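In what comes next, chain A is part of two complexes: it sits with chain B in the first one and with chain C in the second one.
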Partner chain A sequence: MIFVEDKALVVPGDVLADEEYHTGRGTFKEDNNICSSLVGLVAIRDKKISVIPLQSKYIPKRGDVVIGEVTDIRFSMWNLDINSPYSGFLPASDVFGKEKRDLNKAFNVGDVLFLRVVDVDEVKKVKLGLKGRGLGKFRGGILIYITPTKVPRLIGKKGSMINMIKDETKCDIIVGQNGVVWVKGEPQMERVAEKVINMIEDQAHTSGLTDRVRNMLSELLGKEIEEVEEVPEPDVDE
Partner chain B sequence: MIIILTNNNDNLRADGRAFDELRPLKIEAGVLEKADGSAYLEIGGNKILAAVYGPRELHVRRIMRPDMAVIRCRYNMAPFSVGERKRPGPDRRSVEISKITADALRPAIFLERFPRSTIDVFIEILEAEGGTRCAGITAASVALADAGIPMKDLVVSCAAGKANGNVILDLSEEEDKEGEADVPIAIMPRSGEISLLQMDGHITPDEFDKALNLAIEGCKQISEAQKNAIKNRYGEENG
Partner chain C sequence: MVNIVPEITRKSIVELIENGERADGRSIDEYRDISVEVGVIEKAEGSARVKIGKTQLVVGIKPQIGDPFSDTPNVGVLMTNSELLPMASPLFEPGPPDERSVELARVTDRCLREGKILDLEKLCIIPGEKVWMIFVDIHVLDYDGNLMDAAVLGSVAALISAKIPNATVEDDKIVLDEENPVALPINEKPLMCTFAKINGELINDPSLDEENVMDARISIGVREDGSICAMQKGGEMPLTKEEVISAVSRTIEKTKELREYLP
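Up next, the complex of A and B:
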């Protein structure tokens, strides 16, 4: 027996189905019933019922790639804010090897890094690493914060959504699994990308989003091009 | 023409409500930009703002739990929320309400999902007209859901009591002050578990049972408004 439709909006405590179904993410079992524990959209796959949250905090998982900001430099490690209830640390040995060097020569407080979650232990200490392709420090660009559950929506199927934004705005965009997005390009293009990303976050739970993003991009870019053209050209004396 | 009402049985309360009638209720979710979750609630003359931050990093080692999150509540009345200006800052009453609010919400939250972190709940009473502790809990639980915090159920709270010799639902400030007894409760409506039950004043066991059942019925009505408030926040964008 199921009491809700696929993609229905539910709130904590709503009864979703009885014991014929399996509990997925965002649900729990009580008295032979499966209930929602979150505000979100129901997703039914075979006999598994889950709730995709509309709002959440990032919980670090081993193997994720995240964007973090250095908040503190300690004797042999950096502390990083990874937009999560748990802060991460990056051991100095990961960067320097066995060599002893001044930590603030490599990264300083406020620097933004692209990292991999190497390990999360039982007490949620998050060990970060820089080993891997493309990982390291960002230079310039802007950061945009979105809800981590909306990251898959922003990326789209096989990167379709994010690639469209990249192509249209000619910006470099990197999305961390922790909901931090780094964008670098021409300043006005960064603004366009920011607007579009915020719109995707607002409307992540609706359908037909890709088309709306395409329309919004062409509208915003059209405006940008007009603005650029309006800049008076220097008079050319004959 | 003069109409004289002789039969006052239906209008036994000062504001013309029936004995089992709530004050007009309005709840809105997601009203604050910077908070992780928030709610605004009006019931009768009460105006209440609730904000939730977290789960977030906890720096106070003394209260940190290695196996679960802690919930911290602050109930605060604005100086202008009552007739006579209230001295700002925590007092005996607001410290008590902060504690019972945390206690009422705690059983509903899956705290074990977020070890070593904290969930902070702030309840600001902008205008008070009786029953603020219940309204505060109701608003806080909407704000928790809005923050995406996993919960067993939406805690809902409501008071019943006795005034002028009648057992009544949702006491106003006047009925609370002049009346004989006040029974605020908080429940988790699906399972019917009670997470808060207080009482002050004088009431017989029979009347207490009656008041408790009345309050539970009131909670169920408010619960529907809570759910609608959360759904409305996202509903507009769906259409």
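Up next, the complex of A and C:
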């Protein structure tokens, strides 16, 4: 027996289903019933029921790519704020190899880096690395913060949503799994992208979002862009 | 916890201001959306909730009968306190008031007191013995910059809307008429404008990001006739004489707009 529909909004304690189903993320079992432990939307996949929270904090996971800010320089590592309850560290050996050099000449406090989570240990010490394509320090651009659970929505199916914003605003956009988004382009276009991304965060739990994003983009960018937009529409729509 | 502003955020804010723009699309001298509601707390004699953009605070007014200070036996007492609730920002911690909280309360108090908002002599019940003490309590619910303007706006709105019991003296005893409360003796309506100096430019109503990168800050309180009643400078860098003078004249213009939000 199931008591809720897919994508229904639930609050902590709401009974979702009975024991036929399996508990997923954001749920718990009580008296043979599955209950929600969060405010969020129900997601049902086969017999597994989980709740996707409306607001969340980023919990580091090995392999994620994240955007972090340097907060401190230690003897042989940088400390980074990764928009999470847990802070990360980047060992100096990852940047210099065995060579010893001044750490603050490479990255200083306040720099923003694009990194990969190399390892998360039992006490949630987050080891970060810079090895990989496109990883490194950002120069210029702006940062936008969204709730990490809404990152998949911002990216869209096979990147459809984020590619549409990239194409229309002609901005470089990089999304970290930790909910930090870096945007660089013409200052005006950066603002447009920021507005659109904030709108997506606001309405991530509703359907038909891609259409609204397209409308908003053409509205913000004016008519001439609208014509150009007609062309890529079919493949974006899929 | 120290607040570190990413270098690229600082750069983008400074560059925008150089072109006369702001991150949220405002002009240099534009306020965010302001809303003022009065009477939001049932248990308080006067109250107001102010929102400036995402900054939000509530102000409560509580009266109490007490002894006057010995050097001013014939006037009532006006006291302002502020509380920066930890839920307002990750930077606010529970515990005794810190520097920011004390500054907010002191600057608001200065603006209200020196702005002569209340006719304190009318709050005297028995000269030299019993007076009304009016407590203004500011609670910050959400912090997104520019607390001072919001605090003064909220305090003034709450004081205007406040109604206290009518106190009369019969046979040397104070009789309180709770049924027919009276408004406080409002004299003046002082208001405050805060400017942040970023890259040599003075901007109105700084947001949290802008406050984090500002060089200096100046808050100016003025009465309705444009006379100055309070001034507070913050931040590490100096302000020039011209900047202070232009801030004052901009405050006089801007407070006219703010005054329309008062009840």
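Throughout what follows, the second predicted complex is superposed on the first by the 222 of 238 C-alpha atoms of A that agree within 3 Å, B and C clash if a C-alpha of one lies under 4 Å from a C-alpha of the other, contacts with A are read in each partner's own complex, and residues count from 1 in each chain.
Keep this in mind: a residue touches a chain if its C-beta (ideal position, glycine included) is under 8 Å from a C-beta of that chain, and two chains touch if they have at least 3 such contacts.
Computed from a predicted structure; not experimentally measured.
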Greater chain A contact set [chain C / chain B]: B
Chain B versus chain C as contact partner of A:191, first or second or both or neither: second
First, second, both or neither for A:12, with chain B first and chain C second: first
Touched partner set for A:111, first chain B, second chain C, both or neither: second
Which superposed partner A:123 touches (first chain B, second chain C, both, neither): first
Parts of chain A lying in touch with chain B, wherever the complex brings them together: 9, 11-15, 26, 28, 30-31, 35, 37-39, 53-57, 59, 85-87, 123-124, 147, 149, 202-203, 205-206
For the chain C and chain A complex, residues of the former touching the latter: 2, 4-12, 15-16, 19, 21, 23, 25
Interface residues, chain B side, partner chain A - complex: 36-37, 54-57, 66, 108, 110, 113-117, 145-148, 150-154, 188-191, 226-227, 230-231, 234-235, 237-238
Touching residues (chain side chain A, partner chain C) in the complex: 69-71, 81, 108-112, 138-143, 187, 190-191
